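Two complexes follow with chain A in common, the first pairing it with chain B and the second with chain C.
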Partner chain A sequence: MASKLTRSNRAGWLMASPGIALIAAFIILPFFLAFTFSLTNQRLASPNPTKYVGFENYRDLLGLAYFTLEPERDDAGAVVRSADGDIKYPRLRNFTRNNPDYPNLQGKREWFSWQSGENRKVVLASDVVFMKALVNTITFVVVVAPVQAGLALILALLINQKLRGISLFRAVYFMPVVVSIVVVSLLWRFIYSPGDGLLNNLLSALTFGAFTPQDWLGNPSTALGSIIAMSIWQGVGFHMVIWLSGLQTISPTLYEAAQIEGSSKWQTFRYVTWPGLRNTAILILIVITMQAFALFAQIEVMTQGGPLDSTQVLVFQAFERGYGKQDISGGSTISVILFIIVLSVSLLQRWLTREKK
Partner chain B sequence: MMAAVSADNRGLRLATRYAVLLLVAIIFVFPLLFMAMSSLKPDQQLLSDTDSLRAFLPVGDISFNNYFAAFERAPIGVFVFNSVLVTGITVVLTILVCSLAGFAFVFLDWTGRGVVFSILLATLIIPYETIFIPLLLMASQLPWIGTEGIEIGWLNTYRVQIIPFIADGLSIFLFVQFFKDLPRELIEASRVEGASWWFIYRRVVMPLSGPVIATAAILKFLFMYNQYLWPLMVVQAEEIRPVMVGLGYFTDQLNVPWGEVMAYLTIITIPVLAFYLSLQRVFIASVASTGVKG
Partner chain C sequence: MNKTLILSALIAGSLTGSALAQTELSLWYHGAGSANAEEALVNQLVEEFNASQSDWTVVIETFPQLAYNDAVGAAALAGKLPDILDVDGPVMPNWAWANYMQPLGIDESTLEGYLPGPIGRWNGEVYSVGLWDAAVALTTRRSTLEKYGIRIPTLETPWTLDEFNSALETIKASGDFEYPLDLGMAWKGEWYPYAFSPFLQSFGGDIVDRDSYQSAEGILNGDEALAFGEWWQSLFTNGYVPGTSQDSADRETGLLEGKYAMSWNGNWAALPVVEAFGDDVLFLPAPDFGNGSKIGAASWQFGISGTSEHPEGARAFIEFALQDKWFAAFSDGTGLIPVTASAAEATENYKPGGPLEVFYGLSKEQALLRPVTPGYIVQAKVFEKALADIANGADVADTLDAAADEINEDIENNGGYGH
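Presenting the complex of A and B:
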């Protein structure tokens, strides 16, 4: 009876079709187009017809080579040293530019190197900027995901107390979430100003002048860290709220039981609260990871990827190529690589946190 | 004696708790407070005030001059209008389209429903950031029927800022979750009485759906109003620029006029914050409900 009443092909498709059509056209289609474009030389506007190029775009981004530079030797076979005593090496350029003996190094540039005895080991990349973007993005995610999830949990526990006026505090902690990340980034760009900036002055005051002012965003060793700290500041309230709703599903009788058993605060957290938060924890980790991989506005507003590419990230690179250089295929290739990473990481997280039988 | 000590203790512990809460609150508020206060100060004072607590107080040479200057530098009214228009239309259409789809998934039985729903769930894993580049190419070549017949290209239009964001997996999913918990007998009874599906949707189900409408609307509002990457790519024309992209008028200067920047940031942030603070319970519940999935 019921099934006959609800059976309606025409009405069903009719009502669902606007949503389905829009998602198909503006999410699913571009998703597959990204894969297609990544195998071509598609540009935003070009007089020449688009060509299929196979995996060339991927090779141009992901190509790596490893090379050992041996010192220059004089006729007697002794290592040539400069006046300061530094070992002299042949120029890397000799190997990477049209050297028929080293076809695998063709066009690559030095990414990083280290000393090993007399030799210098060099890792070369087809696209050093992309490699830096890849490493920075992963660094960002690896730091932000656990730190932000942890801080959000601490805040949620703090806000879950029964105190007068607690909802006011909750509202304040959540506030940065509703403020645009663009606004937040610009504000923090000012706060991070070198020399007489707000943060520098604050830290000097707190340490009674012992603190040396930093050029937070201008120094390659602090730039990414500064952006990480700001991103956590902005996003932590979002996950605090999700933790909080997880906390509120834990039955109060469990806490009462723990209290009767005389368990300490830590024991209560360890054996009552934490097990009750399992599913929330998995969800939060996946959500933060996905959000963190999409990092863009902070970079665009604060550093444009600099200084010295120390804050290059994948979405910014995709934007720079796809939009800035109108290289749709290059931007699409980065998008596909990003998607594959996001997918693998979330599948991995699901597998690691699966119910153990 | 004992009671007095423990009461003292309790007072002290309570004070500590509030102190911790307050300290954390200061960390979250200080940049926003700084923004609002700085917007009232001339550039020179704004910069010199950063070495003391004056940075957070409305002291010194206070005026609205930065606001006047900001309005002179950029067509702020136009930007705000565009953002409100784009965000408003998208939110309304999202509610309509996604609730209809959710309704069809939950209450109607049609061929392909299961498969389509699985595909829909799978799209949740696709971040917008990974489809924007191909979408940019699509937007440059899509046709549209305009006043002068068929025109090609969606760049620099309102529609390019609206149409791609009307339907999304999460919004439909929120409606599906909510509709599932409604009593099915209600719908079946209306069916027996001969009500049409459209009538049931409009007169039976939607009036009961206030909470989920609020949730979907708030999430879409935050997403749309704060969008940056997409409008940066597809909107160059000044007349249709949204507020976030309008920031370029201030930051692309050789010497950034920080007072005006703070005024502009305050203009585009305070309405959202006021909206949030007046409905904060609903806002927070909305975000928390995204945690229900999975």
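Presenting the complex of A and C:
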């Protein structure tokens, strides 16, 4: 019991107490509040009393159903086809709206579907927007974590040299991190502006006019990609600095030894640098993952989740519901789900990167 | 001895002080740093009220508009609301329902002859009154319409749906403009329900059933609403209007620069157009899509907070503000519409023959309040997203179904919002 933390360490605890108090008041307490709210129908402003609703909020978000849509048939039982040969299906809304034969589909909407012979298989969700936000968030993390970490490492290796004016490059690479993300997002909105925006102009100049201008943020197929690219650019400098600090802890004697042994550049990186960066790599991976899950400001400023939900993400949805639509319980539920996801991913990463003895 | 003297002097001083002191009333105002004269005029209004009587002193505190509603919500939770609140018209029922506000309790005969927009009613009682209203019109140039042989509509005979569509098609086909019409898709937020829900209402649909305010089923996704949705989508698929990714700078200057032939815009943006085009400018009424031309109504208004200990003082201030003199002053300072005809005559822009006179008529004849319900805050967001999604190519019926479902679910979760 008498660990280092408790044994005659009053001064230490005293100095830590302001920080602990703040963290308790603004992080730990809200977390427990969010969990409690997610089990109620708590509103932001309402004269109605708050009621305990159990796991209804979770059911409303996570409810899924699977349905086989059969084609329309004429009196003879043949499949009805439109003029260009496509099979005609009845509208899904006939099944999902006030149809007593399909109570499990009530209020659900199509999430995605695929063709299977003459039938169409449909997956329906109670909350399609949430599902899209979940998929977009995971996509964002899966792309950003490795790409941002990799780019940051390359930049760190480039600037970890003794050259004239190298600190200028360090400053340039680090600059986007210092600028507020809201300002960066606003600037990138101009860069991505449709028609004669900066990026469109640049690309048509480079291709001598062969490039057709894109509506980067207004097109569902490019919007999320545009935000990913911009986010990587903005965050890469920060992780570059962490890599750099890791690089500088590697003892120069190891490099000298490698040189004497006649190792190539790649071998030096593979057998000296990379093993020396092990702990840094773990740190960076976990930090980027957590930051990427928290994606919010870029979405709020640049797309508001549009077009067609192609950039909806979990934190933006939690904010939009809790604050915009005054549904604190709904927003809290999303926060709790996000917490569970981030916690599991971090634990998994810790386990995968553990020291193997 | 000396000490007692000082003490008694102090007590006497504080006693006379409190006998003479006026009761302080706090006023929260949303327009900190507003570009026009509105903020200065509100300050002037407060100063003149304080000088005009000796019972009350109004102390003003201004907030930036973006933070204002949040500040009121937070203050209500903390029990620290001011006495007098500034409130956006469509938000008022929500605040009244949540007990942020109490009925004004002023004599309703004083409100006779007012435009319909500036009077905020909830549950049969007046909760807020505005000193101005805003209106929206199709802004364009006479020369443009004459060039393409398009009839110039009037308040009595606005364009029909077919006329409007063919006007857009004609202008589009000429290739003289990037887009025939600018709807202001760059302005996210309240602009969508304010500016576009009147189109839906002119088609015969609405955001929510206004008889009971309990359901949107068949109203937001009925046949009329579907017809509206299909037409709305066609504007974008036909290339008549710029989409949701419109550059906000183009929204501000596109009409003036000749990128757009027409612009659906508010009277607050009208003066620069008058300056640029002079007599050539036209402010046209909304097309009649089948159920008469409609435009949105209600701007910022004053009301009394639910926790005010001196509602009679707050009432005195609001009654002091409700004078033609102030309506005219605000209109001259901001370009907004004065709320009475007599005040309009005294203004520069809305007097007979004034450059913006037409807006007074628009506001009087066509103004329709946004749904008067505490659920409007949520309904506005749902409507905004539905219109953006349809503009971006989402299936019309599915999108409107989903919007109606979400609105109904929200009404249910809030126990019917007290209707």
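The rule is simple: the second predicted complex is superposed on the first by the 336 of 357 C-alpha atoms of A that agree within 3 Å, B and C clash if a C-alpha of one lies under 4 Å from a C-alpha of the other, contacts with A are read in each partner's own complex, and residues count from 1 in each chain.
Quick note on the criterion: a contact is a pair of C-beta atoms (placed from the backbone, for glycine too) under 8 Å apart; a residue touches a chain by one contact, two chains touch by 3 or more.
What you see is a predicted model, and the numbers here were worked out from it, not measured in a lab.
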With the two complexes overlaid on their shared chain, look at chain A and say whether chain B and chain C clash or fit. clash
Could you look at A:F238 and tell me whether it touches chain B, chain C, both or neither (first, second, both, neither)? first
Figure out whether A:G12 sits in contact with chain B (first) or chain C (second), or with both, or with neither. first
Touching A:V142, do we find chain B (first), chain C (second), both, or neither? neither
Please indicate which partner A:G246 is in contact with in the superposed arrangement: first for chain B, second for chain C, both, or neither. first
Report the partner of chain A that touches more of its residues: chain B or chain C. B
With both complexes overlaid on chain A, does A:L348 touch chain B (first), chain C (second), both or neither? neither
Once chain A of both complexes is superposed, is A:A45 in touch with chain B (first), chain C (second), both, or neither? both
Contact-wise, after the overlay, does A:F169 reach chain B, chain C, both or neither (first, second, both, neither)? first
Is A:R109 in contact with chain B, with chain C, with both, or with neither (first, second, both, neither)? second
Based on the superposed arrangement, let me know which partner A:A257 touches: chain B (first), chain C (second), both, or neither? neither
Where along chain B is the clash with chain C: 24-32, 60-68, 78-86 or 150-158? 150-158
Which residues of chain A are in contact with chain B in one complex and with chain C in the other? 44-45, 193, 197, 323
Which part of chain A faces chain C closely enough to touch in the complex? 41, 43-48, 91-93, 97, 107, 109-110, 128, 193-195, 197, 215, 217-218, 220, 304, 306-309, 320, 323-327
Can you list the chain C residues touching chain A in their complex? 70, 73, 76-77, 94-95, 97-100, 188, 243-245, 247, 377-378, 381, 385, 388-389, 392-394, 397-398, 401-402, 405, 409-410, 413-415, 418
Could you pull out which chain A residues touch chain B in their complex? 2-3, 5-9, 11-16, 18-20, 22-23, 26-31, 33-34, 37, 42, 44-45, 155, 158, 161, 163, 166-167, 169-184, 186-188, 190-191, 193, 196-198, 201, 233, 237-238, 241-242, 244-246, 279-280, 282-284, 286-287, 290, 293-294, 296-297, 300-301, 315, 318-319, 322-323, 328, 331-332, 334-336, 338-339, 342-343, 346
Once bound in the complex, which stretches of chain B touch chain A? 14, 17-18, 20-21, 24-25, 27-29, 31-32, 34-35, 47, 50-52, 55, 97-98, 100-101, 103-105, 107-113, 116, 119-120, 123, 125-138, 140, 163-169, 172, 184, 187-188, 191-192, 197, 201, 222, 225-226, 228-229, 232-233, 244, 247, 251, 258, 261, 265, 268-269, 272-273, 276-277, 280-281, 283-284, 287-291, 293-294
